[in-house]
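Two complexes come next, and they have one chain in common, chain A, joined by chain B in the first and chain C in the second.
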Partner chain A sequence: MGQRLIVAVFDHEEDIRGAVAAARRAGLSIVDVHAPYLVHGLDRAMGLRPSRLPWICFLFGLVGAAVKLLFEYWTTAVNWPLNVGGKPWNSLPAFVPVTFEVMVLFAGIGTVLTFFVVAGLRPGRDASLPDPRVTDDSFALVLAPAPKDDSIDREVVEEMLSRFRPVLIDEQISMEPGR
Partner chain B sequence: MHNLVAGNKTAADVTREVVGALDRKPTALWWTGFGLSFSALLVGIAAVVYQIMVGVGTWGLNNTVGWAFDITNFVFWIGIGHAGTLISAILYLLRQRWRTSVSRAAEAMTLFAVICAAVFPVIHMGRPWLAFWMAPYPNTRGPLWINFRSPLVWDLFAVGTYFTISAIFWYLGLLPDLATIRDRTRRGARSRLLAWLSLGWNGSCRTWQRYEVVYLLLAGLATPLVISVHSIVSWDFATSIVPGWHTTIFPPYFVAGAVFSGLAMVLTLMLIARATMKLQDYIGLGHIEAMCKLVIATSGMVGLAYLTEVFIGLYSGNQYEQYAVANRAFGPLGWGYGVMVGCNVLLPQLLWFRRVRRTVAVVFLVSVLINVGMWFERFIIIAGSLERDFLPSSWAGYRPTPVEIATLAGSFGLFFTCFLLFCRFVPVIAIAEIKGVLAPPPLRKPGPVPVSRLVSEAGS
Partner chain C sequence: MIIAPPPQLELSRSSRAIIYGLIVVGALAAIVGALLEPQRMWMCWLIASYYAVGVALGALCLVAIHHVTGSSWSVVIRRVQEALAGTLPFVSIALFAAFIGRPHLYEWTSAGFWADADSTLAFKRAWLDWPLFLGRAMACLALWNLFGWAIRRGSRRQDHDGDQGWSRSNARWSAAFLVVLGMTHTMASFDWIMSLEPDWYSSIFAVYNFAGVLVSAVAASIVTALWLERRGPLQSLLTDDHLHDLGKLLFACSTFWMYVWFSQYMLIWYANIPEETAYFVRRTTSGWRPLFFLNLAATGVAPFFVFLRRDAKRSRALLSRVSLVVLGGRWIDLYVMIGPAHLETPRIGLTELGLAAGAIGGVGLLLVHLLRGAPVVPIRDPHLFESLHYEQ
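Coming up: the complex of A and B.
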């Protein structure tokens, strides 16, 4: 059996901002907010930690550059040295362009794949939309009972959210365990 | 530019109109364009098959001019792609909000232009089935590794990385829009394909937060990448000793020229997409004006590069350099130099006038002619310099053969066929991005809450 959730749907960006702030002040736990487009500042309003993906990007870039530089050195100076126009075996300046390209390639692919993994995006995943309109023009706030007490007072939530012009307040059962 | 989208649209209007444009039957204009492009593509395929069967001898090359039409086309197409990255990545970093209307089309243009470009070095090999020899893989010939000191190998890595990163960037931008179409499509094969491609996107703000970071990182990576790609293309020439090629100004000169010709191509495509897909509300005169201003700016950079090249050539005290400059302007290809300066430096000056910038037909004509001029620029640099090198006894002329001209026509066919198909199957406007820049609709008064008493399951 999944968790009991309350889903409130709004049709205005200002309202979802207000509702998220009010829900946080009331100490409710916000499971997620669904939006048709990127609403700037909503992540801070939800209290999400800043993403650590820039570090992942940096690490992938570093690994890509290091691997490529070592590979170029190994192929041209160690494994099969070949005299090309009298240039030195280890022609470091001439290795820079390819090293740069491979760094960008590793950083780009690595960051996007990491993003897919941490966000759980994969082919065949069920989108499980709280409301079919969230990919069109509506915003959905998904609330769960606070971690300590297992109850979520529906009436209190409705009362709290009513000033933000919700178009729908609904109860759903989460089918994803541990969401 | 206060209202980026005309007609007071709501988010739902954007979804309906942009996705609806994909469901409508194609217009007669679209079919005409597609018929022409596809015919050109078929001509190109026939020409490529013929030249691979017979050999590179079907081209007009000779011992002196070993690079001409083919490499000109390669540089031309790679350059076209660069404006797509400028608009999607650099203007994104500079927070130019008007770019949202054109970013999707510009990114698609980048992908198709790089595909067109990649065709040419491959057929230039003469034995394209051995193209994999360019990859550094352990082989039974030594292992004889590729020469990492060669700009041609740098090119392979630069173009490969550029294509991959542009494709990822494009797909990432498409992800929310694929989900939007998925949720408007009835069950069936198309819906299943979209569900698969949209990776289960559900608009979660946790995902949106990471998405923004990833988008920013990719834009940050693509910006130096695009500069590196065309710099490396220019090193194919600049690292040689041919007078007219052996100059240090080439990297910035090529990058500025690439962005300039690409912007002109974006403008051409914007006007085509606007007319064939009826998107006048999204791509307004304001967007066209903004693009025209970028065209003037980059035209100025290109003009400055032309002047610098002439000045440094004459000032060098090197008779071969001085001759290369004089030969470019007054030699056998002097008429081409005239076309290049006329189309790239003089013609865009018309865009200083607001009346001109707001007359769509004139802007379209200017944008097409700029690309004619930019094609000639590469041709003059490549063939013109090779025709006259150090030894007058080895001087020669170059004339393209019909096979080469058919291949060039075929590359335009490939490009426009891809673009017109893209207009039909993928939202031309970035739906999720456009929704973020709409003017907010007026707030309703708080009223009774329509509350559903049903307990339903999430995702049902």
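Coming up: the complex of A and C.
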């Protein structure tokens, strides 16, 4: 069973900013905001926590560098020692450029894949849009009832958002349980 | 767009006393040093004046990049960089004065140096000719000063008439300057620094020096901008978003410096040609070793790990502290580049510290005058409004 949601659609960037701020002040829980492009400052207005993705990126980078160093040490010094210009088997300075590249590769691909997994993006997945026009020229604010009381009064929401000139206020049932 | 001119920089009596105190200390160290240990004094003079020329030149390069790319975010800190670039005429003279001390500095100027030289050095022998050396140095310094004068003049004129044509003409001057800088700075770093050890050569040396110039200029603009913010003029103009971009720039420049540092080291280590490796052997197997690695830690590794995080780039405390560490690292960088030509082991004493203090005081005094000579932001720049309301 999905969750009951209220979707408000706006035409202008300033309106969605104002509506988000007003909704937060009124204590409504904001499920998401959909916009056709990046709206500056929206993450702060929504009170989103900073993303933890940079830490994932850092960890992948560390793992990539470590794996690569071990591998190159094993190939050049253990498994198949080669004398290159009289350098020692374990020639760290020569390993640095490739280690750097592999670190960037691991960090980059790892971060993107982590994002896909966490966001549930996969081939063939249907887009769940509150309004099809958010991919073109509209902004949508999706609200949910406060966690404690299950009621979300549509009239109250309509009145609160009216000064931000909503184009449409609609009730929907969430397709994604548990979000 | 015109904004009300921001408040002027007012210097407290204690800051004034500190600046003049530093200059007096520097002058005393220079005089006493010249009498007692002229070679050591001139070496420190070369370090200090080349350091200062580098900061001014790097700042001018940042202003030029700003004009060429038509950036808007950096308008608010452009006057800071223009003031740093405005010190160029004075520090150029100081650098030129270093060449007076040439017999103590450049081994190849002594009579008979080339007599027993290898035949492979034939080209160097022709190139490193004292009158030619001075001519090249004068040409480089004159060209940089010309471009610096023209670019700063365009910016100041716009304050008066608000003509957007100045922005366009500055973009043209800047584009020409960047090309000229690339070529002349390469020559200058070969002449002034690399020829201290005339047997040695490294083709990446100019890039390495340029990276150092750029990173010191970014660090100096951050320190100056934050100081101006605390003193009043830039207060309420400088935002976290501007700082974030400056932090990114410092991160990028110091990472680039570290990359070139390693490239130079690795290529020479890999090729293992005796006349090239001698340079690093001298620096890694003697008393120079700690400074050699301290340089890498202060200019490259520390800013890299600190500024990986987003909030670090927005923190005034971290930005100013790490920038000071980078500025210190740049001094060590030059000391490790220049010192081993004359000294078996590093000697950091009153001469070194005194001349560094004198350079800080002298450049500080110039900066205060230059910053007071113009509004602290370009008040009629077409991108100023955008810059003041910059968000990222």
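Methods note: the second predicted complex is superposed on the first by the 179 of 179 C-alpha atoms of A that agree within 3 Å, B and C clash if a C-alpha of one lies under 4 Å from a C-alpha of the other, contacts with A are read in each partner's own complex, and residues count from 1 in each chain.
Keep in mind that, in the parts below, contacts are C-beta pairs under 8 Å (C-beta built on N, C-alpha and C of every residue); 3 or more make two chains touch, one makes a residue touch a chain.
The structure presented is a predicted model; accordingly, all values stated were derived computationally and were not measured.
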Could you say whether A:G41 touches chain B, chain C, both of them, or neither, answering first, second, both or neither?
second
Residues of chain A touched by chain B versus by chain C: which partner has the larger set?
B
Under the stated touch criterion, which partner chain does A:L53 make contact with: chain B (first), chain C (second), both, or neither?
first
So in the superposed three-chain picture, is A:A107 touching just chain B, just chain C, both, or none of them (first/second/both/neither)?
first
If you stack the two complexes on chain A, which partner ends up touching A:H12: first (chain B), second (chain C), both, or neither?
first
Just checking: does A:P130 make contact with chain B only, chain C only, both, or neither of them? Give me first, second, both or neither.
first
Is A:A94 contacted by the first partner chain B, the second partner chain C, both or neither?
both
Regarding the shared-chain residue A:R163, is it in contact with chain B (first), chain C (second), both, or neither?
first
Of the two partner chains, chain B (first) and chain C (second), which one does A:V118 touch, if any: first, second, both, or neither?
first
Touching chain B in one complex and chain C in the other: list those residues of chain A.
40, 54, 87, 94, 97
Please output the residues of chain C touching chain A within their complex, sorted ascending.
262, 265-266, 269-270, 272, 308-310, 391-392
Residues of chain A touching chain B in their complex?
2, 5, 7, 12-15, 32-40, 42-43, 46, 48, 51, 53-54, 57, 71-72, 75-76, 79-80, 82, 84, 87, 91, 94-95, 97-98, 100-102, 104-105, 107-109, 111-112, 115-116, 118-130, 132, 134-137, 158, 161-176
Contacting residues of chain B [partner chain A, same complex]
10-12, 15, 136, 142-151, 153-154, 157-158, 160-161, 164-165, 168, 172, 175-176, 179-180, 182-184, 195-214, 217-218, 221, 224-225, 228, 232, 235, 432-433, 435-436, 440-441, 443-444, 446-447, 449-452, 454-459
Quick check: in the complex, which residue numbers of chain A touch chain C?
40-41, 50, 54, 58, 85-87, 93-94, 96-97
